[in-house]
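Next up: the structures, one after another.
Next, two complexes with chain A in common: one pairs it with chain B, the other with chain C.
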Partner chain A sequence: MKDFIPFIIKRLGATAITLIAISMIIFGVCQLMPGDAVDMMLGGIALQSLGETTIDELRKELGLHLPVYQQYFNWAVGLLHGDLGTSYIMKAPIAPLVIDRLKTSLLLAFPASLMMIVFGLSLGILSAVKEKTWIDQGISFVSLSMLSVPAFLTGSLFIYIFSVKLNWIPAAFNALDMDGMGMFKILASYFGILLFPSLTLAFESIAYVNRQTRASMIEELKTNYVRTAVLKGVPPRDVVLHHALRNGLLPAITVIAFNIGQIIAGTVIIEVVFSYPGIGNLMIMALKFRDVPLIMATMIVISSAYVFANIAADILYTQLNPRIKYA
Partner chain B sequence: MSKNDSTQSGFKETISGFLKNRLSKINFTANLIIGVVLLLGFVFIGIFAPYITPHDSEEMYYEHLKEMPSAEFLLGTDRYGRDILSRVMMGTRTTLLIASTSTLIALFLGIIFGATSAYFGGRTDNIMMRINDIFMSFPTLIFAMLVIGVLGPSMVNGIIAIGIIYAPRVTRVVRSQALNIVHMEYIDAAKVGGESSFYIIFREMLPNLWPTIIVEGSIRLGYAILLTAGLGYIGLGPPPPTPDWGLMAYSERTYMFETPWPVFAPCLAIVIAVIGVNLFGEGLKDILLAKGSRKKEAKV
Partner chain C sequence: MKNENSTSPEDTARNASTKTPVLSVSGVDITYYSGAVKFPAIRDISFEIGAGEAFGLVGESGSGKSTVAYAVMQYLASNGEIDSGDIAFSGANLMKMSRKELLGLRGLKISMVPQDPLTSLNPSHRVGDQVAEILKIHYKLNRDEAHKRAVAMLGQVHLPAPELTALKYPHQISGGQQQRVLIAMAFCTNPELLIMDEPTTGLDVTTQARILDLIREMKLKHKTAILYITHDLGVVKNLCDRVAIIYAGEIVEEGDVASLFKSPAHPYTQGLLKCIPKTYTHKTQKKLDAIEGFLPNLADLKPACIFAPRCTFAQEQCHQQAPSFIACGENRRTKCYFTEFDAPDDAEEYENLRASSPSKRVLVKADRLKKVYPTKRGDLRAVDDTSFECKRGEILGIVGESGCGKTTMARCIVGLEDVSDGEISYDGNKIGMVRKRSKEMRRKIQMVFQNPEATLNPQKTIEEIITRPLALYKIVPKAKRHQKAVELLETVNLTERYLSRYPHEISGGEKQRVGIARAFATEPELIILDEPISSLDVSVQAGILNLLIDLQRKHHIAYIFIGHNLSVIRHLCNRVMVVYVGRICEVGTPDDLFEPPYHPYTEALLSAIPVVEPNIEQKEIRLQGIMPNAIDPIPGCAFHTRCPRKIGDVCEKNAPAEVEVKPGHHIACHIPLEELAAVNPVFKYGRRYVF
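This part shows the complex of A and B:
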């Protein structure tokens, strides 16, 4: 525990450097975009009729006359103050918009993470206990195929089965009409709406967590202390859940924390499949309209979330495993 | 040129060595056979697609809009009356080209950076790995979106983006394997013999890295196919009318209520391709890497 504080400080310092580097890469790549913001805002025709002086003034107003490093510095300082800039296409400050969309996306990522933990762990434990039976082989086959299937196929299948064929859920998020519905009905339809996107989002991660849990549990179940517990007459359920799981969980937890990052980044495709108004769809719209401040803002928000999830994985692992030395 | 040739022959020696030593011991598992068959099938379709498609993939049959599968159109037609089977076959070409070229780029960069980093070690290794970590802390899809979104969606930009984002991941794998080799006596002998670093890295170390690299390449290829499809689906693949599996699935999804074929046919092709590559990779792993040294399950 004594080494813990310096370890955390060191780790957070590394995170800060990573985030700075990421913001530099994002900013740098966006500089490669042909044409500058003024061209994009005005379009070619207006550019000719406005005359050079007006355009220069507009450039100055946006800070585009400054050297690149100065522009980056201004942008980065703005980021630290929670100012993500102004969108060209929406002519509005980006921060509230991005935060709003991020919340919508997290509404998807949170249940997805829960599903990953619950299904991933329980299926992994089940296949470890039933190792080499048809249950284990069935689960292994399903999780392997989960890894070979693109997320948009899973999503499209869900939509086709539950929306087109069975008509249980609306096909698109914005197709929901909430007027004149009771509280319970709204909740139920929200559940229905969120269930399949988040399940799709969790699919790949469930497979990874399941495989890791299975592998580490099989290893633990072969150890001497488990054998001792069995011979001592401890009920099998307690041996699995109390003795073996305690150690078998360690590697799984790292995989889980790492996959939370994957889930956050993975929302992009899921949001397109289900027409879900989250931050991923905002990013795609920004790319389509070449709205540089909006591109940079959405990218940095998603990347930071991913980085923080990975750091959490790192810290959790060293905290939970006393055998690991702080490095 | 001569350097390149020598690397090539080093590669060939390794391969023939493997064949001599292990051909008798290879158990041609079902995995490997199915994987090879599927992969060869896709490569064949990818190369000869324009000559073997039943219809022209661009031709619009206006009398046959959104048709169910029939004898004439084996997988039905899309909303413009185009034959889906032909488009899926042409899409094989696009996907294989993007996925395999970007994997090769990633392997190329990964070998250079990974082997160099491990060979020089110390501070050089440290700095290179920190830079590597920074690129690895980008989610793959987000980085690919950034590069393609800014440079504009096209086949070349897709290849560049996927190649760059997978390179640090290959680098890490190559480096960790190279670290096992770098302290071996024959490397020391080469150093004492006054060989150049370049020679040692590419003639002495590389031949022993090939098994790892080939297995890593097959794993990457599977991921690259999925990423290519995903990028196509969100509209960042090659622009239409190039037949692209992801884009086909996306642009037909609004008509899923009437005809699900156009959405699921390209998806099925993706799944079969990825399963083929993965089985092939598993099979290769069994042959090339000793069972005990299998790498831990790691995600992208």
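This part shows the complex of A and C:
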């Protein structure tokens, strides 16, 4: 345990390096896009009508005349101060906008992650306990199907059945006004609406977590210490949940963490399919309009969420596994 | 006894008169199903164990002894089935109990200590919690109370600092301590029946001796009935009151330990006892009697004596009809037609076992050898400034507990490890790691590894495995390789038909023979044998030992034999080194080692040997504590932390110098030689007895 604090510090240090690398890649990719921000802001036609001097002034104003490394540095310093820059198209600071959209996205990602953990683990455990029975085979069949069908197709199917045919939920969220509503109220009133997008989002991950949990639990249930537990008189339920799961969970956690990242990344597609006003949709819009600061901001936020999900899993892993060597 | 499952097992146990045996197994048949094939693994097994009695069930691998244990626990593999017979616990039929009844019985009235302590403990739970769990389940104790009682129990099994140990995870304590935790778990509910499945296999002899003491102590204290399952006759003789010998799923002989070991009746029992090198084999200088042949195929049983195909006394009738039990003395029975055998003096005597005496020429010499492994906590000194030599044609034994550095020494000589300091010379020339050696040099030194399962490539046939070194070192031209491979197999008593087989198709003993044939293929001058027989059954061990001696005499090769069994070492070696934490305690001939003066560590090792011979008195010396970690610097004598004969500060401060007892016999100890020589010998032989 005494090694734990240095371990956390080391991990956070590594995370910082990862984030710096990511920010460089994102910045670099945006630099590679043809034309610069001014071209995009003004559009091709307007450009000609304006004088070169005006454009230069505008460039100066935006700091685009500086060398690339200087631009990156300014942007990165801004990031550290919570300043994500100003959107060209919205003509507004990006930070509040992104945070707002991030919240809406998390509203989708959070239940999705929860579903992944609950369904993934419980189905996995059930499969392992009932290994080679029809229950196990049924679960395997379902999860393989979940893996094979892409999310946009599942989403579209849900919309077709539940919106178009059954008319239970609205097909699009554009009409909804979420301003001024508390998170909880949104959650309550839009439970039905959130259900299908988040389920779609969770689908693939449920299957992954289920497969991993099944495999590791089958392994654990065959170990000598499980035998010891049975022969100690531990009731079967506790043998599975208290003894085997404690160890079988470890590989599953790695998969869960990875999939939380996948879910966050997956919101982009799901939000488009369900026209859901989250950060993914914001990014797609930014890309459409080539709003570079907004593109960079949404990308860095989504990547950071991914990175932090993984570090959280790493730390949890060391806490659950006493054998781990902090390195 | 049969219709008593209407009452609860607890009531039955309480009401049972003292005469009801705690465990009664009668006429049990167990079959394993593998696809359409039936393996009758256990056939008609009956025995009873009374309160406070320790019953040993002894058999080799594949004999079905563990199957019996798990059948009693009602925990057979899903493809195993008890076809007939009764298993009754204090009169209550275990086979007719519901899951719920069994749940209340397991861990409370019937406990089990499994083999392999590390994997049998949950790696993610603290050991204290694992003991407390039983108390919580069976006594409904709350957390604190259960913990308190668990700690007290850990103290009872003599774990150091029980409060602290309780908070540790299994991987943080030693193998012996893990086994103690499992024993604490088994005894904490004061069970009426305790089943132990090879609880000391895999532990060092010194640790084993202390665990056996503990089991004996707990048995006396709790009046527990013990079913002790093992392959080790020595352990049974030291611990049990009665013993049954099981062979291929049948009990072949049963009786009191004292009388059975004195006059074994069944040929199989006699064979097993003959296989084991004795503590005085040098006096008889006989070849060990290996039991030839293999376990019968259970899927294809014939109505005959199960042991007949391997029995040297088998008559016509033995192959026609299976014998039933006959009494052979008080409380003894044997499943054989005969009780007396004209023991032909078939044990082939060596003219002189060690007469193939080594020449004076030194073959390999280690000079102030050091091997250090850097770790995060500091340097681990696996071999700490040791010098030794092995002469041409000599069999040098290296003994010591696990982790003492004996394997590292061997690996340095073969060149698998680079030495940190000092040097190794061969025939006077310095040699480095394997990749720096010439091909000729590599050919001269070969190695046979401990685990034959893991050292043969599963994808290659035996022919490919054996001809590989022939091709590599161009021992014989390509056209003659097949012929040479056949010859090599014949030297290890295997036949040509093995050539086309894959390693998984042959038994463990045969694999080790192939390993030996492979080592001999390069016509080496030195073979390092790293515990080549410790994973094999005793009957197979004897065959391999005989083979090694024969080959050595024929080719006049030098061996460095690493082992932990002093009896085996005594049987085989010309000279022995006793090693402790990377340093040499004592060097001498085996005879020197077995008689005073002893190094105190040698004395402790000798006293920990579980001997099988009757009429031997053995001194009881038990080493406390565990071997110090070679990472922490050990000033003075490495053994001072555990030495029962420590004389004072000098042991802690100064490393002892080697004292010459007589030419070739050296002891590194501060105690004056006269005092070392004045002790009683560890073994006191009564009437010489040869089986």
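Note that the second predicted complex is superposed on the first by the 308 of 327 C-alpha atoms of A that agree within 3 Å, B and C clash if a C-alpha of one lies under 4 Å from a C-alpha of the other, contacts with A are read in each partner's own complex, and residues count from 1 in each chain.
In this text, a contact is a pair of C-beta atoms (placed from the backbone, for glycine too) under 8 Å apart; a residue touches a chain by one contact, two chains touch by 3 or more.
None of the values given here were measured: they were computed from a predicted structure.
Student: If chain A is used to align the two complexes, do chain B and chain C fit next to each other or clash?
Tutor: They fit side by side.
Student: Taking the superposition on A as described, I'd like to know which of chain B and chain C A:Val142 touches: first, second, both or neither.
Tutor: neither
Student: Should A:Val118 be classified as contacting the first partner (chain B), the second (chain C), both, or neither?
Tutor: After superposition on chain A, A:Val118 lies in contact with neither partner.
Student: Taking the superposition as given, does A:Pro150 touch the first partner, chain B, the second, chain C, both, or neither?
Tutor: First partner only.
Student: Would you check which partner chain A:Pro235 touches, where first means chain B only, second means chain C only, and both and neither mean what they say?
Tutor: second
Student: Of the partners chain B and chain C, which touch A:Tyr208 in the superposed model: first, second, both, neither?
Tutor: Touch partner of A:Tyr208: chain B, not chain C.
Student: In the overlay, answer first, second, both or neither for which of chain B and chain C A:Leu32 touches.
Tutor: In the superposition, A:Leu32 touches chain B alone.
Student: Between chain B (first) and chain C (second), which does A:Val77 come into contact with in this model arrangement: first, second, both, or neither?
Tutor: Neither partner.
Student: For A:Arg227, is the partner it touches chain B (first), chain C (second), both, or none of the two (neither)?
Tutor: Second partner only, chain C.
Student: By residue count, which of the two partners contacts chain A more extensively, chain B or chain C?
Tutor: After superposing on chain A, more of chain A is contacted by B.
Student: Quick one: classify A:Ala92 as touching chain B (first), chain C (second), both or neither.
Tutor: So A:Ala92 meets neither chain B nor chain C here.
Student: In the superposed model, how near does chain B get to chain C, counting Cα atoms only, in Å?
Tutor: Superposed model gives a least chain B-chain C C-alpha distance of 8 Å.
Student: Could you pull out which chain B residues touch chain A in their complex?
Tutor: 133-134, 137-142, 145-147, 149-151, 222, 226, 229-230, 233-236, 246, 249-250, 253, 256-257, 260, 263-264, 267, 270-271, 274-275, 278, 297, 299-300
Student: Can you name the residues of chain C that touch chain A in the complex?
Tutor: 73, 75, 103-108, 111-112, 114, 116, 119-125, 133-134, 137-138, 169, 171, 182, 185
Student: Give the list of chain A residues in touch with chain B in this complex.
Tutor: So the residues of chain A touching chain B come out as 18, 21-22, 25-26, 29-30, 32-33, 144-145, 147-153, 156-157, 159-160, 164, 171, 208, 211-212, 215, 255, 258-259, 261-262, 264-266, 268-269, 272-273, 283-284, 287-288, 295, 299, 302-303, 306-307, 310.
Student: Okay, in this complex, where on chain A does chain C touch?
Tutor: Residues 223-225, 227-235, 243, 246-247, 320-323 of chain A touch chain C in their complex.
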